[in-house]
């Protein structure tokens, strides 16, 4: 049907600044990551470079926000980059120069925005573009509970839609290819998605014409809104922020099993960024600090297998300039990435205390992931091996062929991700 | 993927005894309905004749159950038909003769069963087929809150699976083609589907090999179990019992919008029986009594449009021997039924206070349903007409062609179900 | 125990401006009501004159708030009266002149305040009294969902307590005797009382030493916080805003039955203002408009009987200058008010579909209220009359003696409020 | 008011068989415990000897029930003692001989009953005393989810009340002084108390005239039913079964704080049995097995302080014949028990992460309990010591006098229970 969103025909892959730098990333850091992505990752499909939350806040320094601090704003109540952090944005250039830099590398540029209009605009009652109405007229008395920047916008008024149009126009003029909208897929205090504002933002994107992938945060997105999300966004988060804890990873099995029927070209339910490699440089959420991921190597194989067989976007959260060899290989396994891009249908087919099994199908091949979620290294039980149609599978992470009459051992918190061999 | 259920490639269509006769239908009534179905409806795809709940209770007389009354049971703790109500079942014939009668008409035969094992078997501790274990050993202390016949079965024990196997074998020997299992898709007191017992029943069906459509009641089925239902059943109910009230019909828009992504060959989420025509002969639920449906004609068009564009099974609930012309035409509109059988994708594309719009696609055609859920006759707003790609649509209920520059009027609680004409 | 609050030894009685004037009452209106109260009601115990919400908003005109409009504020981030509405407040007098006027009539003065600190103070980052910290430093990113004036205050910081201290000191300097704090007893979005701020406000009252009754809104207060409310407030609301609908009145039976064990000197769970007489002058909530109460006379007897036998505060919501004779008599029935002031224990002793019965005890007398909540005039059933110990009761509203061998008729939605006669 | 229940003027104290023997206690064990109670505890106020659940089940062996096993029952569908376990019950004596034995020791006799009528009676449709109706006629299709013995009784029918009357008459004829009714104060599946059946049982007790304390299980009882419980029972459980875990003990602070306003003569909200001393002889719930309590000595002082200052009944759960000196002293501290019996008002007055403080008042004395719920031994903070009015308190557990200018140290999970010295 014509209603399918045409952007994002395959799941978006890129890097996002949050897991490393929280709200505080700086222009030179963004460029350094773009450089490495172009050099080492773009050949494998990695392409988006995303500047996360509060790029208009001059004093942002970590994942903790400075409540009620002034933000950099233009004459039409629109937030613009803090020039101390993004020097190229001076003279009203906004993110255009940074976008140009990234595009010149053959990559794509993404930014974050909060649902709504700045509270400072509302209390100062500043102007809007294209109307005599002012900020106070279109603001709603609803907030994000975890960030004090914005009020909701009343899109039942034409001027509310106009405000979102003016934002998306500005972003298009900067060359933005990807927008991550926050406080919108699930509200912790209003207990639903802000659906009217989602529809208004997608409408503004359709109007402006530039292909911009729309990503909605935070989760958990509600399943009952599944078809609404399919019609209005390319990605939406399945859980609250994901960090490097086994509990959070284990919980993702529930959510991916529920959301599998909604995955299709243009729609990629989102398991969140990959907190792998070196993270937490200026991020204090998640409890890890400036350090290497707390996931074991086996947990990392398991994570990547779940994200790829399910079809989640892949947004790397670690640093790129000092990426280690293990992590780099994890992100550039061509067998796994080929599976990832070619799957047309997937689902969880077995679940009990120790084992979870997924099956996926491309036009030509069948794949299985056997996840050992127990605390022990164990062979896959015979009745689960019997689910595989064929005599052997190829282990996509290690390149070995496993015959069905062998014992298929899987480490604790590990995975056997296999392609049916015949 | 191989996991798709192969039975029920198109949505099941038939007649069910509940809306007319509650728990009390008799053999001659079933036959009389089969006769009319063969005569007037089978050419249009109607084929299942389903005997609903408590066919083993000799004194059942309406939709109200006689709590704790004795049921007719065989030596292996399996319920068998009450012979005073089903005379052909005598001499241990069970439903075989009635099944034969229905098959001879070119139709298919369905029966109802409650989840579990009869409580009378448990308290008498009667035998099971194929094991020395007895009824008490496999029973669980859980119940259906609205019917006192059964206890749950512990299918973690091999003997629990064996009991369900013995039931399905018996039904297969009777020639059963369709099984409606009750107290299983949603429990009012345990607040989830009884998933283990669903899996056990489907496993028993696979074992016995006879194509038997599996239908699960009552609703509301939980969306989070969507892929589980897809893997284990052909139909599952979206709401609690549906009767002829506008509120119940209006509520169905919510549930169908949510469940649309799960509809596919083999899987037909179920909006429940059609309480149309003459209903309530010996049924006191729903508040209508022995009378004609309380839905207006417009509401009936709306109902049939929603059920068909969504892809719900169609199980007629009214009497067939005295079916009136309006109702008969409603069930035998070839344009609507062609749409119903050929749709491959459908979804709600618009919803606000007064209008709900669905769009569907077959391999060759596009369909729209514009539902006027307001209390006023109104023209479809221009911005909604603009959703239609093409210059005109054909009104499937009335056969007229509507040009896009005309006013498309829709009555209150009515529908325009249209096929794009060019 | 020493923990009992010493203010409000009997339930507070007075007039509140909300039901008539919403957020918009003016000084001359307050004075006019004080005049009548002194003249006609004070002899019966009525004494508080309470100016409700948004007395600092110059453009307030009804019960609908002007979101994000500027409020009148002093140099220390404290709201002060809008001078266009309260002319005597000019020259920094605040409410002192109005308080003096009311005190001169032998009455007491009450005002409303919202939990928190003005958002305009936070976004302008204005000064606080007695500290170098500023508004932004003590504000929390939490709001009232139905009014856009304030942010919460972080009373874990000494400067947060200091801010509340500075408010209460100001109110004491104005001669305030009664404070109604709003958005504090139940939050519609945070789903609990704001307990820390309640404790901070009571602490500030204890510090300042002036007897000020503390009243908490809105409801429903949660029963699990019952002893917390007893320790920290004199009144707290049992429901959301109460208006003149039978459904709202009927619902109050549930809440009063639950809260009866918490009523005692100093603690008067609050059934909300009395929407009786002429109401809605500039109030559009509740659906009534500028008109006389929609309660029937029988419902008004029932309401007053429930409020008084339960021990709720009595805050009249209607206009006083044009009060009619029926309403005046309702407010000045000496038998009922004597019961009201002398009850030491009360509880609901019977409840079913048609009848609800309360019993209360003073040091010397026993009282019963037989509420007929059915839609029919009916005699009290014999088994309920048998609950009365004694041979007759005196009907407190009508002054007649009812013998137990007579039929005690009670009108639909009416009451027999009786004192045991021997 | 006259509505106060007159039985249980002080909180009941006794021994209950559950924590030691589960469903399986035998007559000789009951007698052995009665002997020791008479000998060592009765002088301190301990008096009830209570036979807990399933005394009619011949094969009961632990806290795990044998689902659907036959129970010993008389001709009127009433359960009677299993004679293999209670030999004196033979020849239709029921519990009369055991009651006589206990009474001869100067003690009181309590038994357990399940809400409802035996399922075996319903499925056999056995007779009832005093009516032609039979078991099936008064049974309801509702169950206890954790025990398979009974169905609910329809007390809207006079014959339903009659059945409960017949039970209580039988128990009175046995000399029963205390009835613990189970599956009635909170249903895990119907999510409320079974209030109609509670009222029916209390009505039956009032009819029979014998003072029988009515104790309702299990919890958590809902606070909204507080006045209902006060009017209809002497004890009701605040939580689900309590065992010897710190988490369960810590949770009791929440519930006791909420319920404190409901404690008064005749009404003793119940913190459940004391799992102290030697427990778990044939009890497998709670995870402890046949062993000594897992509470530390400090936790035991804390537990006894909370139970007594709150006013909970005290039902010892450990063995008496081999009671150790520490436990015996815990149960027979005369200072603590004097406080326990004389308190007229109590409440939690302080609660934060590390410290919880209660205050209580008798006619003559003031008491404080300072509970250290942290993991560290710590001195009571000065601001909490300041709550004590007076210069010193006497430590009731250790008999020492603590001056206010000393450091009052309290061990982790320990308590200072003090009486104000002046």
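By letter and in written order, the chains are A, B, C and D; residue numbering begins at 1 in each of them.
One rule holds for everything that comes next: a contact is a pair of C-beta atoms (placed from the backbone, for glycine too) under 8 Å apart; a residue touches a chain by one contact, two chains touch by 3 or more.
The structure presented is a predicted model; accordingly, all values stated were derived computationally and were not measured.
S.K.: For chain A superposed on chain C via Cα atoms, how large is the rotation, as a multiple of 5°?
M.R.: 180
S.K.: As a test of understanding: of all chains, whose mean C-alpha position lies farthest from that of chain C?
M.R.: B
S.K.: Tell me whether chain B and chain D, two copies of the same sequence, contact each other through the same residue numbers or different ones, using over half shared as the line for same.
M.R.: same
S.K.: Centroid from C-alpha atoms only, then distance chain B to chain D, rounded to Å. What do you get?
M.R.: Whole-Å distance between the two chain centres: 50.
S.K.: Please tell me the distance, in whole Å, between the geometric centres of chain B and chain C computed from their C-alpha atoms.
M.R.: 54
S.K.: With centres defined as the mean C-alpha position, give me the chain C-chain D separation in Å.
M.R.: Between these chains, centre-to-centre, one finds 41 Å.
S.K.: For chain D, give me the residues that contact two or more of the other chains.
M.R.: Counting only residues that touch two or more other chains, chain D contributes none.
S.K.: Please classify the inter-chain touch graph. Allowed labels: line, ring, star, complete, other.
M.R.: It is a ring, because the chains touch in a row that closes back on itself.
S.K.: Got a list of which chains touch which?
M.R.: A-B, A-C, B-D, C-D
S.K.: Within their complex, state which residues of chain B touch chain A.
M.R.: 1-3, 223-224, 226-227, 230-231, 257-258, 260-262, 345, 347-349, 359, 361, 366, 389
S.K.: Taking the touch rule as given, give the residues of chain C at its contact with chain A in the complex, in rising order.
M.R.: 67-69, 119-120, 122-125, 136, 139-143, 145-148, 189-190
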